[in-house]
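Every chain is named by a letter (A, B, C and D) in the order it is written, and numbering of its residues begins at 1.
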Amino acid sequence: MNPVHAAVDLPDPDLIQVQTLDEITVKFAGDSGDGIQLAGQKFALLASAAGETVRTMPDYPAEIRSPVGTLGGVSGFQVRTGSAGIHTPGDRIDLLVALNPAALRTNLPELKANGIVILDESAFTATNLAKAGYPGNPLEDGSLRDYRVFPVQIGKLTRGALKGLALSTKQTTRSRNFFALGLICWLFPRPRAAVDEWIEQRFAATPELAKANHRAFDAGWNYGETAEYFVSPLHVATNQRMREAGVYRLVTGNAALAKGLVQSARRAGLSLFLGGYPITPATEVMQELSRYRDPDVHMFQAEDEIAAIGSAIGAAFAGALGATSTSGPGLSLMGEFLNLAVIAELPLVVIDVQRAGPSTGIPTKSEQADLLQALHGRHGESPLPVLAAATPADCFATVVEASRIALRYMTPVVVLSDLSLASGAEVWREPALDELPEFTLHRSVAAADFKPYRRDPETLARPWAVPGDPGMEHVIGGLEKAGESGAVCYEAENHAAMVQLRHDKVAGIARDYPATAVHGGTDACLLLLGWGSTFGAIREATDRLRQRGRSVACLHLRHLNPLPHDLGEALRRHRAVLVIENNSGQLWQQLRAEYLLDLQRLNKVQGTAFRIAEIVEATESLLETLP
Amino acid sequence: MSQTTVIPAATAELPTPPDRAHFLSGTAPRWCPGCGCFGVLKSLTATYARLGVPRERLVTISGIGCTSRLPYYTGTYGFHTLHGRAPSVALGVKLVNPELSVWVISGDGDALAIGTNHTLHLLRRNPDIKMLLLNNQIYGLTKGQASPTSPLGLVTRSTPYGVADAPINPVNLALAAGASFVARVADTNGAMMEEVFAAAHAHRGVAFVEVLLNCVTFHDGAYAMITDKDTRDEYALAMCPGQPLLYGKQQRKVLVADNGRILALPLAEGEAVPDQALRHDPQAGDAGLAQQLALMGPPDLPCALGIFRQVQAPVYGLDPKPD
Amino acid sequence: MSQTTVIPAATAELPTPPDRAHFLSGTAPRWCPGCGCFGVLKSLTATYARLGVPRERLVTISGIGCTSRLPYYTGTYGFHTLHGRAPSVALGVKLVNPELSVWVISGDGDALAIGTNHTLHLLRRNPDIKMLLLNNQIYGLTKGQASPTSPLGLVTRSTPYGVADAPINPVNLALAAGASFVARVADTNGAMMEEVFAAAHAHRGVAFVEVLLNCVTFHDGAYAMITDKDTRDEYALAMCPGQPLLYGKQQRKVLVADNGRILALPLAEGEAVPDQALRHDPQAGDAGLAQQLALMGPPDLPCALGIFRQVQAPVYGLDPKPD
Amino acid sequence: MNPVHAAVDLPDPDLIQVQTLDEITVKFAGDSGDGIQLAGQKFALLASAAGETVRTMPDYPAEIRSPVGTLGGVSGFQVRTGSAGIHTPGDRIDLLVALNPAALRTNLPELKANGIVILDESAFTATNLAKAGYPGNPLEDGSLRDYRVFPVQIGKLTRGALKGLALSTKQTTRSRNFFALGLICWLFPRPRAAVDEWIEQRFAATPELAKANHRAFDAGWNYGETAEYFVSPLHVATNQRMREAGVYRLVTGNAALAKGLVQSARRAGLSLFLGGYPITPATEVMQELSRYRDPDVHMFQAEDEIAAIGSAIGAAFAGALGATSTSGPGLSLMGEFLNLAVIAELPLVVIDVQRAGPSTGIPTKSEQADLLQALHGRHGESPLPVLAAATPADCFATVVEASRIALRYMTPVVVLSDLSLASGAEVWREPALDELPEFTLHRSVAAADFKPYRRDPETLARPWAVPGDPGMEHVIGGLEKAGESGAVCYEAENHAAMVQLRHDKVAGIARDYPATAVHGGTDACLLLLGWGSTFGAIREATDRLRQRGRSVACLHLRHLNPLPHDLGEALRRHRAVLVIENNSGQLWQQLRAEYLLDLQRLNKVQGTAFRIAEIVEATESLLETLP
């Protein structure tokens, strides 16, 4: 196994016979009606079935339906696959499949120098070129000379392959995606049986379409074999770790969040209740849950975010694991109810899939700028734990950890994800239920002398007696409560004590954390520190820098509140610490306040994730300035 | 059934027959002396005692307001939530444990100002939840500002020159939201409250009951015409299903419809109820007529009390999802 | 008049007669090809051109949703506010400058899910604001989830087993809120839209217009029975004030009331409209009958289009406060 | 004039003939039906008419109407009056007027040792004693031996004085407040003409009640003169500064906020629009405004806080000064709309009259714990200015400053007040309109080449063209905007630039601040730092400590964001800085992050203000530990 992989240049297929690559980044692009997402997903699944590590990232047009062929209508799907050490969907594209001029024009800036473009020459008509804003034809004016361009008459060839089938022109045109997929699957040999099987299933009711897709795929595959363009297929190295037993799937962050909620509740022996309201980019979490027919998995689409979290609080009061999922604007509406959950001390998981703000902002761009809101967006002294997920699959583990904390400490927990995790995907083996950590519950059993605010001495959690439990009837609410009895209490000293108690309870959560683990050694001169979706880019940048001999390590935080007990010590071990965030420095500010350390920061607030190279570059410059 | 719900085989001992005190918490209510809330608390706990539901399966959930203090005084599970938000919390409770009997207590500001959205959607969805709207036409807890049910022209602390916008008619709105059970009672009539609360409980689906509530401190006498001994015959009409809509001294006035409008017809001595008299049908094909009845009130027409509508509809969270 | 309002003596030059293009911003709309929004934009800007109000005194205010993108395409002042909140912003605008003509553009999710509260209170207060509800019975912008107006059983991205709760009837709800002008039009009928929008503008007080809007992408054909050439005679009824409610091929069906219920009566060839036929009266004493008409729809009865109600009431922020 | 006043012990009236006191703290207490608030307010107004500095603080029962005579029903009104140097309503009571046993029992802990109690002996019946929870009669069991108690048969004497008038028993009993007022007004001689005049006015329609109040007042006054208890009246020193021309009034914080909004709008030549929703303790702000008949003062009671701020934003869009007033729970609901005002860049004043949190908390107790929420309670990068008022009258000046900033920088501004300021009062001369600072407006006049996001180069404010202005039609909203045109823009670099721009605009506000002024000298060893309603206690504590020779100074912040440019420097001048707050250290945390200074903190989260003595004591201990 190869621990560190620098991005490799793609070999020139004209020259090399057989080659095993460490990794490859392929992007499928075309009009939003071209079936690009499907082709990309299938390619990723095939790669993963072949045992590779896979990260993907889609690229949707901002409008629901822009005019066909325009720049606004381009849809893309990027797949990075390879052996271990793959932690992002890739900085730049090695191979671009472009089904029309707009797709080429939009994605060319992302293509590596000397990268490969496979394009549908039949789509490079005068009309389409004009729609894409090309003054001339880039295939003829030499503007593509820095790339290796392979024009293929995909449209024409597909039409030919499908001749004789009873299809509309639209259906025929739409089949180009499977031609492209077939060609790429020849180039990076994939077990195509899976594709055939999938086509049979998917189009069981429409045999003509099944035939069309089979034929288009075959035509693409055969074209690869027959045409003189590519001398031989390329192999991508396999991550052997993936061969462990289990079901592997390509999972998006949102799907992993939904799964994580369901499995947490099952592990705890509880019902799950999620109250939600649609909002980009969080909607899929509730949509995933709506599919369950399990009577212990409740998804309730509320009339707004306030009702969404309110219903989840009601469910928690009634003994379920309560949850809600939203994005920034929704979180801004939930502050009052979150505060009720804090004072009522109910177990609740609040998921914020961040997007670019402030206000409506840029709903289809990613950002990490809701951290301060999650920490402080409530009136009064209102502490609660905040966690962040690092990768699409880590969304699962983070939600499980959030649920564990919520139940063990009887507290609402905020989980931060973001758009890049939500729609990005990676291959992941779902752990069996008994592989999940054990959950502590505070469900009361003994009714004698029951007090709703008498605390567990270790966790300071209050007992969880729920409607239906006899002999423990009690009333909770948002007014300040007397110490043990939970009765309404306006006393000065009691209030101070309760404020302190709520603080101590949350602070105590850090006792459960594993020791802070720095990747790359605690003796490095510079520590790169991050949280959330920056994980992959920071990790790969660290590895690359270390390969170049730089004294760099990295540390990624899952727990943003309370911070780990040993974090201050960990930070002080390094000559300098660079806090890397897709915001203006929100964690950086918190860490300054906490540790009084003069930390460095690297921020990007452009709606897009860091490239590995950006971090490498910034780190190199910083290292130069260090004494 | 949800895994979380602990419904013990043998429930806590119930005094036989359970009396009202068993459903009180023992905390002394803090409402102003004479407040209509006392009567509601009494009728509600008396109803609780009649239902045969053990105390631990009753859940009383409120928002914020004078009226929303009620759960503290019941002996059931309770949740004093946020201003306007009780319906949302109640829905979460009911959906994860359908065995519970869930009661929402709300005020006119709570349910029809900040909480209108949740009230309406609760009624529209038809879960098996009972909602009491304690309508005193004023914000009591914050000391006397206009509410969305305050009558035009009312001088309050926030409307020194009188309320300038027309009030909401809660029953009409509930009907428009599609509520499957809608009723109106007065805080002074304990017997009718108990009867209607029990009917609400028996109804399978959402039940909305407006309680005309007197706030002695900030809007005393709001319903005097409807509840005072001297005037109530003229201004209150108790509806009976299947019966003509009669009121007045010795029930000598009857309602009739005229091209969609409702008129009151006095009956001469000994005159029989005419054929064209409207008959009360809480199960009518649509809620149109009920909505017209809801809009009636002094001085032109009587205020209708009792059950406006009671129809069966798929119950949210109980009946199987459409497939 | 507010000190802040700069109404210049000589307003910006108006082309005479102003044409629709003058009320467009020039930004190309980004709706899906075939979306009903195009028709609404066309009729609305055509109406703007007819009103004689200079462009700078028109304000188009929306929430969030596909439909709420509309202000970007008008040439007026505009505010694309927050999901569900346009009515609040509009009210602030109108109260400080009553000389402005303020139009709220909203979707069914926007106005009747997250924004129900504001919608209802806007209608109740009766400010001189015009509100269009573009009802496609779906959440378009977020790609196809159920909305509060989605029909029972509809399979959407958030309801894979079908919608389980009954839809809101927007017109009925607006009437229950006490709106002084309530109408319904279809996106396919540009002439009726223009006529109704102009009547809404002319009305002194709040105007609520439901537009039956087709979302080609996520809920295509929602109103096909009402708008398709083949079926619309049977399923659409255009109401005329003072006239009996006739529809069907050659207008040979008529609505009558029977103990508060509405029935359709086919007329035999040559048969005159019977006396007991309901006559449409947008100015009726109460909104009860209008509410019944609002509830009608296929397959049993036709969907009523046109103006349901239009009555004069004190206008919030314009008429003097009661004293 | 006496710059520093230590709290003086009240002289024993039996011994001393004539005495001028620096200050006195009197508390009227009785049942909530006893007219206590009125008596207290009248006494305060008379003191202020006499030229004294006055601070007052009411004390309402938590319930609307508790049973008569119980502890829950006690109403109180505290008045501290004296010469200059009075900055709080007083730590402890010098003289307590108690109209029933419950009032005595509730307030006795606040009475100074050897303090005076004047009580209504006729109310000390067995029933009333039982209601107050007294096992015996404190007048007889010696439990009051540490105080100087003057039992007066107020009830009986009032009844006697009112004999012959056509009054109900209730009305007669109710007149006891004027008896007490008369007695106290004799003791601290007041120009009683004002009282007579007021009675005539107030009871013009009910001459019988007018008579009753006159007679009760006279009876009390005469009792003072006749009874042997008090040898002679006491004089309280006068603050001569108050004699400047102008109208003086006793103003609560909430009234001052309302006034400040009205006068700001008038000064700027704008309409004022406040959208509000009732909530304790902010409701009076909207209620005050509802009284104006001025067509340019709009108060709109909305259906909730979201609509309240939404309507204010609409008003600002239409060219008015937009405002809203609320408390913590309401502020939690306003986050989403506040964010819209940030990105739309509209002038808006958001007033948060803080109460104890979290959640519903303790609505009738004071706290300063919404600071972090005001700073950070919005998703995305969303900077806005935050100001805090220091005294009831300062609420006026703070709102004027907030309005100035909102208009000059085209930004929403949050103003923090709290319950203790809201209901406390002080004597204040309202400045004439032209005494207010000048307001800069960005109202656009030229239509040619108008761009809604083209900025003023100095302030970075965007122009304010409003509906009705011809030729400048444009659309604003919550989506990210392109630099100048304000068109919707999803571009990466533009977003980063706009985030920076919004940050820079708010940061630039600090240029306008006056230099940071430390009270007590920049050479002090210890600096006491505060914000908001802690002002009075910190200021008086500093003065007392300096009198004792301690090297202490104090600094009070009005501007909490952005912080003054010279603040870091100012803090570093002192050996130690003690940050004093009625929360768990919210400003303290912000300052640590900003300046990386290891500041000390003193926190009290008990729903009540600091006593001067508490600060003095804490400071003394801290001074001992300093090197």
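Quick note on the criterion: contacts are C-beta pairs under 8 Å (C-beta built on N, C-alpha and C of every residue); 3 or more make two chains touch, one makes a residue touch a chain.
Just so it is clear, the structure is predicted and the values come from calculations on it, not from any experiment.
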item: More contacts between chains, A-C or A-B; value: A-B
item: Chain centre separation in whole Å, for chain C relative to chain B (CA means); value: 31
item: CA centroid of chain A to CA centroid of chain D, Å; value: 48
item: Where chain A and chain C are represented by their mean Cα positions, the distance between them in whole Å; value: 41
item: Touching two or more other chains - residue numbers and ranges from chain B; value: 64, 80, 82, 113-114, 116-117, 120-121, 148, 161
item: Sites on chain D at which at least two other chains make contact; value: 303-304, 329, 336, 340, 344, 359-360, 477-479
item: Graph class of chain-chain contacts, one of line, ring, star, complete, other; value: complete
item: Chain B partner contacts - residues on chain D that touch it in the complex; value: 63-67, 72, 277-280, 283, 286-287, 290-291, 293, 299, 301, 303-305, 329, 359-360
item: Chain D-facing residues of chain C, complex; value: 1-8, 11-12, 25, 27, 54-61, 64, 71-72, 74-82, 85, 87-97, 99-100, 117-118, 120-121
item: Chain A-facing residues of chain C, complex; value: 30-33, 64, 66, 80, 82-84, 109, 113-114, 116, 139-143, 145-146, 148, 157-161, 217
item: Chain B residues touching chain C - in the complex, by the definition given at the top; value: 113-117, 120-121, 124-126, 148, 152-153, 161-169, 172-173, 175-178, 257, 259-262, 278-279, 281, 284-289, 291-292, 295, 313-314, 316, 321-323
item: Chain D-facing residues of chain A, complex; value: 62, 327-329, 331-333, 335-336, 339-340, 342-344, 352, 354, 356-362, 364-365, 367, 369-370, 372-373, 375-382, 477-480, 490, 492-493, 495-496, 499, 502-503, 583-584, 589-590, 592-593, 596-598, 604-608
